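There are two complexes below, and they share chain A, which is joined by chain B in the first and by chain C in the second.
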Partner chain A sequence: MEATSAMVASRKTQETEADPDHPVLEIRHAKKRFATPEGQEVVALDDVSITVARNEFLTLLGPSGCGKTTLLRVVSGFEDLDGGEILIDRQDIARQPAYRRPVNTVFQTYALFPHLSVARNVAYSLEVARVDPAEIRRRVGEMLELVGLAGFGDRRINQLSGGQQQRVALARALVARPKILLLDEPLSALDKGLRDKMQQELKALQHELGISFVFVTHDQEEALTMSDRVAVLGHGKLQQIGRPQELYRAPRNVFVARFVGESNLFPATVTQSDPAGIALRLSDGQEVRLPASTGNVLMVGAKVRLMARPEDARPATGKNNAGGLRFQGRIKQVFFVGAHYKILVHTQAHGTLKASLPAGEDLGSTPAPGQAVELHFPPATLHVLLDEEAGR
Partner chain B sequence: MTRSGILSRLLSVYGLLFFAFIYAPILLIVVFSFNANPVNMMIWDGFTLDWYRTIFGFPSRLTESTLYVESTRQLYAAVRNSLLVALVASSVSTIFGTAIALAVARYRFRLRSFYRAFMFMPMIMPDIVLGIALLIFFVSLGAQLSIYTIMIGHCTFLISYVFIVVSARIADMDDKLEEASADLGANPWQTFRRVTLPLILPGVVGGGLLAFIISMDDLVITYFIAGVDSTTLPVFIYGMLRRGIKPEINAIATIMLVFSILVASAGLYLRARRK
Partner chain C sequence: MMVRGTLKWRQAIALLGLLGGPTLFLGVFFLGPLVIMLIYSWLEPGLYGGVVWNFYHLNYGRIFGWANTRYEQFDPAYLRIFARSIWLALCTVGLSLAICYPAAFWISRQPEWRKNLFIFLITLPFFVSLIVRLFAWVLLLRPTGFINQALMGLGIVDQPLEMIFTGFAVVLGMVYIFIPFMFLPVYASVEKLDMAMVEASFDLGAGRWQTFRRVILPMTLPGVIGGSIIVFIPSLGNFIVPSLLGGAKVMMIGNLIEQQFLSARNWPFGAALSMVVMATVLVLLLVYVRQMTREDRAVAAAPEPTGDMR
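Moving on, here comes the complex of A and B:
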């Protein structure tokens, strides 16, 4: 299938020959402002630069209004940039109309044509490009098979379930073999079971086709599961871009730490800083020493935040006394989530902390609200955050 | 009987009376058009098709006594004028009304809401005002009143009807569909041909048929701007009435009624099939 499809290149893939090592998509210093009806100005994109490698699955992650959908619409051509460049295979396409760009979109609401059959929906881009009818039939058949809808070609769109419509939208966007597939929260309308299944299928499909996917979501779990890299956007700025593990383990700022995964954040002051490491003091007076981290040199007296992930919490015992942070408190609430307990612990100095303890871990007994508990976070699990968020 | 039982009984009676009030006069005309009594149409004197024969110019038993439709040829000319005006005016209005509806719905431009409000104006403007205004307009331009002035005059208000019907249809349409089309490589013309037009077509056809019927039916405005040789059917009937209500009018009215119902049903059928 690879070879035959590549032979008959559609309008969209005929352009400049691709250099496999060069990023397929480069967004450089993208700027976009909107005027609200009340006359205020909203900065949707504030100097955002992102590159997408060939065959990469990149996710744009952020809360609603962070600019992720705007960024997608700028790439697809539905919004104009106020400044910056968009390059696809080194060609600036920022001035090209949407219908000339070698990208296709899977819309959040699917936007399938209700007056056309499933097959005609999938065939649309090929028909418009005046591909030979026999060739269209063959490629539509292949595509429907690929998304698991072989034999559904003659159905009408309103005869399909949500999950099936999702697959038609995917097939329609992929049949012309775009250089980049843009996906605008395509899974948000599906129920949880189907969503998990589609996540795996999307990932497999992307791997099989070798097309770069740019996927927009506000669901951090979805982003971490599927992506090669994740770009976290907040307030129109790129907060951090990196592999899911990097974002989770080493968020660059408070915004990313709060948005990706759950976290406990403690304000702290740097009391000592030397090449070997730093010492920090928390508001409750306890001190912690951490090995020197990469990059930033911290001045003594600097205010930072210390991040601790809930799953790194351990019940404090005599053995794990050395280093790290300890908190005494009372359990407020317990949620049993199968493999572990999620507990909320109320502490005097830091309010409510989140902790996640493996089920069966010895807490003396099953954790219960009202119980006194002491939590320990080993030094290796702590992460220092410098800023609230990018550019603030 | 319970209180609510009585109330619901009363409501059904009210409903029946309501429909009787609306449809009884129309039903009477249809019945009268088959009444063989040439003197008093209120008194039933047996079934006849003679009034229909009369208006189509065939000899009949009753025509000698009434000798009313002085010229079947004049009637035919009026019908032809009406059909021609309705066809041209509704076609032109359908094209422009649809174009304006698309422009107002899809593009942001200065005075857009002003424009939208202005499209409703001809509908609320009294017919008589519009008729006089058009007459003065044509006269001051030095235009000869003719079938063409009627066509132009009809367009001025028919565009509004088409605009409103098509706008409602566009409002129902997911505007992401046009984005999807562009995204898949269709240029603006292809998008219009393949996506927008097929989806708004029921509205366009419905608006066009509505415009056609309204044009066929218009008396007041046409009365002012019709030329000597361009009498339309409603104006012709009005002329007949001035010389007294005669049974042939019932037959003409019944034919017009059937025609309108056919056109409207065609419109409804097309709409239902598209959905």
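Moving on, here comes the complex of A and C:
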């Protein structure tokens, strides 16, 4: 523990040299195109701008092919930009080769050197930088202890389990104290239990070391759990960036709403718009009034979508019919998930709706397929989405 | 227990069936002749060929310097030929490695169909007789050969270069025939090299040279060593290439052995020379194997700790 705090202290003194309020990483208007073997062009990054604050845990979230890994490889220096800038501590590094950049990467496959022992893997960056051998031994020892592998130094890589290899990769990337640690889906190869544990440990480690982490994942739950902020990427564009709660509660467009958490989306038309709020009509004719919360002024007649999260659904009773949306339907399928039931409800007007009801909730009895049910979404839980997605 | 016993027996019989054939074959056609050679090398040569069944150490003495009898004298020429053979074999290994190593990297980065095409092209010479291919080199290299005529026609040289019957010609010929043997093992290990390793090295601050020295070379070393051994052994004992391209001037140990068995009809001395070549190769292999296992053992012996990340 003493060794660790000494290390943290030494990092702190390093950081005072740089402006603590200025973002450590700035990506400005990053553009990247790839040519496919068939001769077509794929836009991997389309004018993406993201900043990462000092000591921040930022996650790049998106489906495969959204450009998140490309963005990471552009920052680490394995891909060149076709346009835009990358600044680390105000210095443009876009033209620097990968080995000069003050960032280190934890690779998806770990990419540990099989011909070197655990300790020599961790020591690699220090040996390359010709650090004094005694200093290397000390720092490698500290790092191995920090990731819980004290005493594993002499092992071969192929003698370690997946989780242990993961820790070696982490130690190897952190030992040189990079300004930013890049993590490319590092947990995807681990089983669920280990992954959950590593998520917590990674977060704690980031907090302890005070190094900015940029974490790439396609797992939205992972992104929400670990991050200070999440950047959602889709089709090479930045769809939304914000705190996990913002993303979940107030997605900016349909893409984000669909990708982050589960949602029900209803097409709606604006029928009334004034400073006090707006009124919307759904395709089945029911109207709902919402307070004006979004910054955008909506024109009457505008087509929007209303988002309702499954967990906001309640069984409709006489008491809770003051506004909001109501849907009548039949239960198609029921999944018991412990704390709640996940229910798929078939409605005439809107197809299948997702609802999630607390297991203790009074639904007459245990929900069963075929049962008629009326769901209610209170107005406060509804969220207006403007367009399909950014740039579409 | 009964069942287990019969199972073991069945396995033993199956093993015998599988390995018996090859064992018998190697025993008769490899180990047998080897033992004959070993025994002959310690026997006295007969006056008109054949052997006299007396223990006789002077076959080795002629090579290493303690013989001095009426018939046979120590001649340092044998050791010189031996040293030259090692030198030419090392040149062959070095040159074929210099060609195959970069080529393997280049080919491994090509699309699949082109990779296969190149590997096919590299093994293509196997389809033509070795003697025919070496005579083609004779036609190319001799004073009135194609290369000299072209050089003289272009006015680059006024008299033919002496290329054939030199050490250079022998190495060239051996590189030419052994390139596939070097290429295939080198290519196998280069192909396996994960580009993520190279990226990881760059990421950790190592430049091109450091990455090559610390990651690429050690990780492809098994193929490099394998290829080198496979080329070195037949190069050292080769006699076809030096007899065609080296002539009488550049004699290698293989030619000497061939001479002893065929024209000099001194089987015991030929056998002694063969044993020296074999001993050299075995010592080199032993050193290599010892080196490899020692590295493995050093890393494998480690305590059994457990821990969690804090």
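Convention: the second predicted complex is superposed on the first by the 375 of 392 C-alpha atoms of A that agree within 3 Å, B and C clash if a C-alpha of one lies under 4 Å from a C-alpha of the other, contacts with A are read in each partner's own complex, and residues count from 1 in each chain.
FYI, a contact is a pair of C-beta atoms (placed from the backbone, for glycine too) under 8 Å apart; a residue touches a chain by one contact, two chains touch by 3 or more.
None of the values given here were measured: they were computed from a predicted structure.
Participant: Under the superposition described at the top, does placing chain B and chain C together on chain A give a clash or a fit?
Facilitator: clash
Participant: Does chain A have more residues touched by chain B or by chain C?
Facilitator: C
Participant: In the overlaid three-chain picture, which partner chain does A:Thr109 touch, first (chain B) or second (chain C), both, or neither?
Facilitator: both
Participant: For A:Phe335 in the superposed arrangement: first (chain B), second (chain C), both or neither?
Facilitator: neither
Participant: Given the touch rule stated above, what does A:Ser125 touch, chain B (first), chain C (second), both, or neither?
Facilitator: Both partners, chain B and chain C.
Participant: Taking the superposition as given, does A:Phe34 touch the first partner, chain B, the second, chain C, both, or neither?
Facilitator: neither
Participant: Shared contact residues on chain A for chain B and chain C?
Facilitator: Of chain A, residues 76-78, 97-100, 103-105, 107, 109, 111-115, 124-125, 127-129, 172-173, 176 contact chain B in one complex and chain C in the other.
Participant: Which stretch or stretches of chain A touch chain C in the complex?
Facilitator: 1, 4, 76-78, 97-100, 103-105, 107, 109, 111-115, 117, 124-125, 127-129, 145-156, 159, 167, 172-173, 176, 201, 204-205
Participant: For the complex, which residues does chain B have touching chain A?
Facilitator: Residue positions touching the partner: 174, 176-177, 179-188, 190-191, 194-195, 198-199.
Participant: Going by the contact rule set out above, which residues of chain A touch chain B in the complex?
Facilitator: My answer: residues 11-12, 76-78, 97-100, 103-105, 107, 109, 111-115, 124-125, 127-129, 172-173, 176.
Participant: Can you name the residues of chain C that touch chain A in the complex?
Facilitator: 194, 196-197, 199-207, 210-211, 214-215, 218-219, 299-303, 305, 307-310
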